[in-house]
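Shared between the two complexes below is chain A, which pairs with chain B and chain C, respectively.
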Partner chain A sequence: MADSFDEMNGWAGSGPRAAYGDVRRWLDETPPEILQTRRAQAELLFRRTGITFSVYGDADGAERLIPFDLVPRVLTGTEWARLERGLIQRVEALNALSADLYNGQEILRAGVIPPELVSLNPQYQLAVAGHVPPKGVFVHIAGIDLVRTGPDDFYVLEDNARTPSGVSYMLENREMMLRLFPDLLQRSQVAPVETYPDLLLETLRSVAPERHDGDAGIVVLTPGPHNSAFYEHSFLADKMGVELVEGADLFVRDDRVFMRTTEGPRRVDVIYRRIDDAYLDPLFFRPDSTLGVPGLLTAYLAGNVAIANAIGTGVADDKAMYSYMPEVIRFYSGQEAILPNVPTWRCREAEHLAYVLDHLPELVVKEVDGSGGYGMLVGPHSTKAQIEIFAQKLRAGPERFIAQPTLALSTCPTLCDSGIEPRHVDLRPFVLTGARGVKVVPGGLTRVALTPGSLVVNSSQGGGTKDTWVTG
Partner chain B sequence: MLSRTAADLFWTGRYLERADFICRLVDATARLASLPSTYGGDPTAWAGALAAVGVADAFAASGAEMSEANVAPFLTIDPANPSSIRNCLERARGNARAVRTALTLEAWENLNGAWHEVERFSGPNLSRARAGELVETVRRAVLAFDGSAHRTMLRDDAYWFLQLGAAMERADNTARLLDVKYHLLLPRDEPVGGSLDYFQWATILRTVSALTAYRWVYRDTVKPWLVADLLIFNTQMPRSLASCYDELVELLDHLGRGSGRRGPATRTASAVQHGLRNTNIEAVFASGLHEFIGRFIADNNKLGSAVAEQFLF
Partner chain C sequence: MRIRVHHATSYDYQFPAEGVVQALRMKPSDHEGQRVVHWRLDVDVDGLLRERRDAFGNWLHIFSADQPVTSLTLRVTGEVEVRDTAGVVRGAIERFPPGVFLRVTDLTTPDATLRDWAAETEPGETLARLHALMGRLHDDMSFDTAATNVATPAPEAFAHRRGVCQDYAHIFIAAARTLGIPARYVSGHLARPETDAQDAAHAWAEAWAEDLGWVAFDAANGVCANESYLRVATGLDYLDAAPMRGARRGGGAERLSVAVHARDAGFQRQD
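This part shows the complex of A and B:
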């Protein structure tokens, strides 16, 4: 803890950072009991709005709140400008990589990445090989997880190119701050994030297949109210003014997709799906899926519908593929990556595996296709027995894992029961790619590990969120 | 509009209306049951309330003794009673949550907020005071939901389907109340004003919040045949069968306008409306009030099926 960079106070002894001037003054001036009252108020408001998520495996399936922390995370305009360039560069590369892996595979022929990362990857969807989705866009919505270890040291921790979630919290957290502390936001000149739904709608509309009769039909496809992110699905559909549909609301006829309405079938051109590839079409993927739409893949391959994100992007955000991203960026753009990767050991390689097995107590080990903070080992926070069990898993299937050093993630002041304390944070900005290029809303979702010293920020594991400010 | 969305909105409307009806029923029944029997107090009042909600069998199956202490919690918070106020609100909220985007934020927040308040009432031994609070909470919540829907929702299919469910349920509730109490409403020669049945009639009127309305409409003491007339034929009275069907026909017209189609639901509703307009209370008494109510309930159920058929639920 002691050797972590603090977003407000800098390194130990270096003195407070200018970016947090307003926030620090506000924290100094506001009596602690007022902050606690506001915190309770925020929780009440979130619950009333129904901004909840459900946790898989929870016996009662109850809806829970993601804890919201009042103290914002602040980035200066200059810091953000660099992040934005890096994010755009990275997402352009993710799109180029997906397009290439399904059409031509030049990157494999050039020997930049090993072919088995593709051929043996369960996320590589053979069914769509050779298909170019409408307007050539694969990764329409990306969530890039960033971590910070020093004033100028930002790293990409993970690429999320399938169905990244959390953007509703970015928007709702800002609404909450505006409601609770309007003066503070005004004083600090915070860049707005509320344009996200418009940008998303514009992105989706821009990739609609050409059709000459009527407006593009756009829908958000959800697995339903029991899904942990259902609130977000309905929130986005609502903000965009498009239908929120479940699989059973759609059907395919003559390779075209329709939704069942009270006035008969209506054509669907773009599906923003929040369902994994495997469940999209029971005729091609998992036959037991009741969430999908039979025949959807055929309509997609016929070019009659755009699916965002495209089918098969999981191959690009695989954590083993991640370790090659600097090379991937260089291959497609000729540039060096603006945002570096965290050093990564690929357990599929014998030397790397040997190193990882020797250093497990100090490493973080993750499954290549895992998410949500599940199935990972945080070495420094694990017991000997846990490490031994994990070592066995590693030896049994090394290709399923990567390992990274335990980073000293930056901390941010956070309102805890006992007052303001530093807690580790990360940042997930949301990057949109449409037919007319890449856009990023200034900000993102800051996730905070509420347990002292913990590095796991996932909401499913007790993490909270903060409003993220880009100022000046 | 998605057929599933339409169906969920329809049921949100229905369940909220049912919750509201049971609230008023519980209130009015408690009042009637608490009167000394010499003043018309009715020990069987709670059995009547169970019958009016259509859960008499479910209560009997629970094996509990027929008493306010058992029936009131059964009607209000018992999770085992599919039509308890709590379950109605939970279902309304569940349906609304699935189609959250079809409601305005204000309408949704009122419903969701009410649900979280009701969640705090639990346990089989709900005290009389707590039961009263629950009933009051839900009544206010339904009013707040209706008000926010009325003030904030677009007048489009979402709004019409919500109202359609509410109007159908309202018609059903009034009809079932009449079905249980019809024997009290038959005309007879009795000294006016002295009847112990006054309290029964007043209870019926309270259950449809029409005790004051009755006096404004008839400017007369409470007479049973006029109570029946008010609940069946009076188009000023929003819970009368005639009002509900005027509203249903209008709503189905709105819904049909979008597609330019008239379907089985439109035809069924118009037929029932026509039937109500072409008879009167005297004719109904002459041919049998009970039979009339039974036919109406069957017709209203038929309309439910026709709505599902027409809008592809």
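This part shows the complex of A and C:
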């Protein structure tokens, strides 16, 4: 990898950045063995609280701890203000796009997006075409993955508009830092993220269908303890003070959703679901799903329950759709995107495919509906043989792939066994949309690629996390 | 022809089943070639029965029982006037543009064998190709009720060259889509002169020909739908148009029996 911008030290030779003044002083003043002790302490505490992440495709199926790095990632208030505006603009567009694609399809008539990107997209759920979810919100919770390549150069790498995960790490990482280094956080005037569960609850409550008999019933619907993000599901339910349920805990009667409780059925108005569309209702989606609630779709279509995120938002965060987001933002808001896309080649287009096949060693190629860093090719880090195998996959199904240049992701100082070293990072802020607009807690989840030089930050691929600071 | 349908479906559960919910697509809709004279759906246990249109415009009934159920019988009786339109379906509810029916589903994802077989269909006008496709499928496959089940995907049935009407329909759909022709699944009834009850309803396919619109092809019988075909529900595949999809908690093993009589009402009067 050529020169990367470093979050603390800037470009090679440019000298340290002001944003990291306090952190740098702290790193300079703290003896290495103390840092290592703190690191061990943090790991012990995380193990005790039971934050684990099981990895799909792991031979032993073992749960493992996502490594936490002590050195925070710092953004100044000014940097954040611009990111926040860009995120709000982007998520408003994702909501407008979803609403339009399921009702009216103006954007297709205007020729901004090829219609087959919608009609042939398995994530476009025909079952909910024409339905307007409560308060018109589709993407209640979005995770927008950002990368940085220079002081002012942030790009959106990926939109996550289905069931983005990771927010529990954002919250736990902050809690850990407050516990280990309370003075440092106070000195740096770090903006709080602890309000996230309250904001999430407020968001969910705001989209509850109108009802005149009692408070809105809100639940978190999990696929169960075998899911890799189960810890997060229970964590969020706990922080919000709402029930964590599995499909079998819910039932539908007369187009209304109820939860079984020891005191009899209790009405459910809003479901924060962490189950994919295909598994939500065996009567209408996958018949073999035991995770869902039979009849849930009809209760939803009757307008009696809000589902967050709405059914069918996968059509908006597809990686092929991603490449049109600058045009999508322009179409709905009349404005240019504040946060640019990474230039993207759509392999479905013959010219793009030819270019991609010719330049595989320098590109990153991803499946349009993949996630978690699975099934992707990082050209510069692949062998000739790996590239050749991937080229065959590309030729066999070009419409399934997009390609992007390999970006020189910024690095951030990271505590490794040998001391402080630069490691590549990205950032996933969490954006909430309720009936009263869009909100973002300052910061997000910084993911760090712990292998030297690696650009893959996904936790399923061995990445770690850092606390993310927005400072006064 | 006036087709009279008697359709009884019984579920017997080993133990009382709770939370029984059924999504039923059993009631036909009118289009230019058919008119529902009367239609009734009865369920022999207490519960709620709600009627609405589904995403494809099919009639959908949701039945839910609150109390534990050990057996359940759904009974359909009805009469429908059907006219021969040479398979052309006009005036039906259309919620999606034909292009949507190029989608691939789990049950209709072609493999290389099926793709190659489809590609051997002689080039020409769409309608001619569809007829050729139907003819070839009818010739190459054998009707066999033991070879497949409701969850068998098209390429698997095609590999055996055996199956029932559902498999013929899925293979036809998968093949037509690989040729760039929108195609969809139809569930319904085929009126037959025999007096014996059939143990299943019928299924066929519709494909889109630019000049004609949707045209119905029954590859299992090698003909386009005529006045003996009563169209009930459509969708991308069996799962969208299935007469019944159910869910329950408990109940142990399940025994299902289906008896369908679909016949010419005129013919019956001569009995």
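Convention: the second predicted complex is superposed on the first by the 468 of 472 C-alpha atoms of A that agree within 3 Å, B and C clash if a C-alpha of one lies under 4 Å from a C-alpha of the other, contacts with A are read in each partner's own complex, and residues count from 1 in each chain.
We adopt the following convention: contacts are C-beta pairs under 8 Å (C-beta built on N, C-alpha and C of every residue); 3 or more make two chains touch, one makes a residue touch a chain.
Here the structure is a predicted model, which is why all the values come from computation and not from measurement.
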item: First, second, both or neither for A:R109, with chain B first and chain C second; value: neither
item: Which of chain B and chain C A:A248 touches, first, second, both or neither; value: both
item: First, second, both or neither for A:L283, with chain B first and chain C second; value: second
item: Touched partner set for A:R179, first chain B, second chain C, both or neither; value: neither
item: Contacts of A:G264 with chain B and chain C, given as first, second, both or neither; value: first
item: Touched partner set for A:P225, first chain B, second chain C, both or neither; value: first
item: Partner chain(s) touched by A:R25 [first = chain B, second = chain C, both, neither]; value: neither
item: Overlapping contact positions on chain A, where the chain C interface meets the chain B interface; value: 248
item: Complex contact set, residues of chain B against chain A; value: 1-6, 94, 97-101, 105, 108-109, 112-113, 116, 157, 161, 255, 258-259, 261, 311-312
item: Interface residues, chain A side, partner chain C - complex; value: 115-116, 119-120, 122, 126-130, 248, 251-255, 282-284, 287, 294-295, 298, 301
item: Touching residues on chain C, where the partner in the complex is chain A; value: 19, 21, 23, 48, 50, 52, 54-56, 62, 64, 66, 95-97, 99-100, 102-104, 151, 236, 239, 245-247, 249
item: Chain B-touching residues of chain A, taken from the complex the two chains share; value: 47-50, 224-225, 230-231, 234, 237-238, 243-246, 248-249, 259-264
